[in-house]
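What follows is a set of structures to go through.
In what follows, subunit A forms one complex with subunit B and a second complex with subunit C.
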Partner chain A sequence: MSSQRRVVLQLYRELLFMGREYPMGFLFFRERLRKVFQKNKTVEDYEQISNLIKRGNFVIKELEAMYKLRKYRTLKKNYYEDS
Partner chain B sequence: MMSLSHIFKSRVIQLALLRNKSLSRSFGGSMVKFRYTLLPPVIQNSSLFHTFNTQFIRSIPLLSNRQVRLFSEDGLPPTWEEVNKKIIDVLSAFDKIAPENVSLGAHFVNDLGLDSLDIVEIVMSFEDFFDVEITDDELETIFSGKDAADLIGRKLEIPFPEAAL
Partner chain C sequence: MSRRILVGCKRVIDYAVKIRVKPDKTGVVTEGVKHSMNPFDEIALEEAIRLKEKKIASEIVVVSCGPSQCQETLRTALAMGADRGIHVEVPNPEYEGLQPLAVARILQRLSEREKIDIVILGKQAIDDDCNQTGQILSGMLDWPIGTFVSKVEVEGERINLTREIDGGLEEISVGIPCVITADLRLNEPRYATLPNIMKAKKKKLDVCKPGDLGVDITPRLIVVSVEEPPVREAGVKVEDAQSLFDVLKKEGHFN
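Up next, the complex of A and B:
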């Protein structure tokens, strides 16, 4: 049980770190993130928690993809004016 | 002035002569010398000091596991008072804590009414402010400003007052 608790806290930490560059601001991101974590505060089933952790890791990947896309678009804009 | 014969009584040189090694090598490079200085003065001044073999010296862990420590950046590491003050500042800046409730000994959960997610956020800001890394294991041991100060002080290698010789 406590091992899952640790994984969840680690996940929260990583998500907070990923959210530092969020387009709508870090405070906006933090508020939303906290709400999501608090919504699932009462979940006790082991399987269910594992699924939620998986979903959290998926969100990290999505954020990463978003940042990469943003970088790609910025670079492209710099090279090709018209597109 | 030390006479030559006196120097040759030193066991290090005797051993070096026996093994036919160069003298400079038997005295050890600067790294070995540096580690000597970490030994307490009692041992350094004793005659036993010369009989320590380099294998033993290498087995003593260095004080720091950081490769480079830049003293040129801001001189000396912070004092305990500075660390404590900075921790109070960080805690008062946190939006869920009323600044008048902040004290070093206040328990995060029981006294300040924070949850585990808040503690993660606070620890992350400590990491930023003090430029240290705090692992998950250490995170679970932090329950008050005092815990954090102890941990961060140890990481910054601030000497304890009673340990100063």
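Up next, the complex of A and C:
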């Protein structure tokens, strides 16, 4: 159990870090993040927690992809006329 | 291969920030504004990291010139995969007058001192949009240069580069040592994750001054005035096709 607790806390920290760049603002992101973590705080089943951790890591990847695309699009719009 | 790559990482106002011009028209507001690494430099760094992963290079040195906050930019670069950083300290207000000529001179001295084989830079920075540093540096070092590069292939002692030019692509081959400036389509830079940023804190980061390198950074150009782009004018509503035609004719769109 305690090892999972550490993983979950680390996940929360990493998600907070990813939220700094969120287009609708960090505060908006943090509030949502807290809500989803709180929603699942009563989950105790090992398997279920593992699945939630997996989902959290998936969200990190999704955010990364979104930021990359957003940056690429902004640059393309600003610097390349044919877009 | 023990080739060393130097990558320039400029700290610029973040691409997503709405730029505001200072009321006295001497520049743009930078205080309290989010900064990040110049996106074209990120692309340059990503390419260097890929060359290292392919064992074509052995070490990546990242450089940033500017105030102390540049060290954050260098940390990001180290987190992405660079090996060590050099911060050339240029405090404000000198930094505001730092121009491509001086930066190129700094990079030249560092390339010589660190025994660099390949310099990779972003084609331009998104703040001043100069697009000069790589070109000037290539001249100073007397090394070949590939600008606006969208593909890099190393073949023995030569590098085949694909350049984005007006209306098409150009393929060139340059010898090593050389300078490369990265275009947008070269690659997709990786994201500096939190665990990697933590690990990067252990990497080496040297600090020096332009004077230590024997570089005079006195500006050669004077910024006369910085102004906002013209505001888009309001449109007009027209009643029917005839009045639309009349308006367009008045504006000179028909003969």
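One rule holds for everything that comes next: the second predicted complex is superposed on the first by the 80 of 83 C-alpha atoms of A that agree within 3 Å, B and C clash if a C-alpha of one lies under 4 Å from a C-alpha of the other, contacts with A are read in each partner's own complex, and residues count from 1 in each chain.
Definition applied: contacts are C-beta pairs under 8 Å (C-beta built on N, C-alpha and C of every residue); 3 or more make two chains touch, one makes a residue touch a chain.
Because the structure is a prediction, the values reported are computed rather than measured.
Partners subunit B and subunit C, once the complexes are superposed on subunit A, both fit on it without clashing. Of note, the Cα-centre angle with subunit A at its vertex and subunit B and subunit C at its ends comes out at 70 degrees, rounded to the nearest 10. After overlaying the two complexes on the shared chain, residue contacts for A:Val43 are found with neither subunit B nor subunit C. With both complexes placed on chain A, subunit A has more residues touched by C than by the other of subunit B and subunit C.
In the superposed model, A:Leu9 makes contact with subunit B only, not with subunit C. By the touch criterion defined above, A:Tyr80 lies against subunit C but remains apart from subunit B after alignment on the C-alpha atoms of chain A. Contacts of A:Arg34 after superposition on the shared chain: subunit B is touched, whereas subunit C is not.
With both structures placed on the common chain, the touch criterion links A:Tyr72 to subunit C but leaves subunit B unconnected.
In the superposition on chain A, contact of A:Glu64 is made with subunit C only, not with subunit B. Subunit B and subunit C never share a C-alpha pair closer than 6 Å once the two structures are laid over each other.
In the superposition on chain A, subunit A positions 13, 17 are in contact with subunit B in one complex as well as with subunit C in the other.
Listing the residues of subunit C that touch subunit A in their complex gives 15-16, 39, 126, 184, 188-189, 191, 193-195.
Interface of subunit A with subunit C (complex): residues 13-14, 17-18, 21, 23, 64, 67-68, 70-72, 74-76, 78-80.
Across the interface of their complex, subunit B is touched by residues 5-6, 9-10, 12-13, 16-17, 30, 34, 37-38 of subunit A.
Subunit B contributes residues 116-117, 120-121, 124, 136, 139-140 to its touches with subunit A in the complex.
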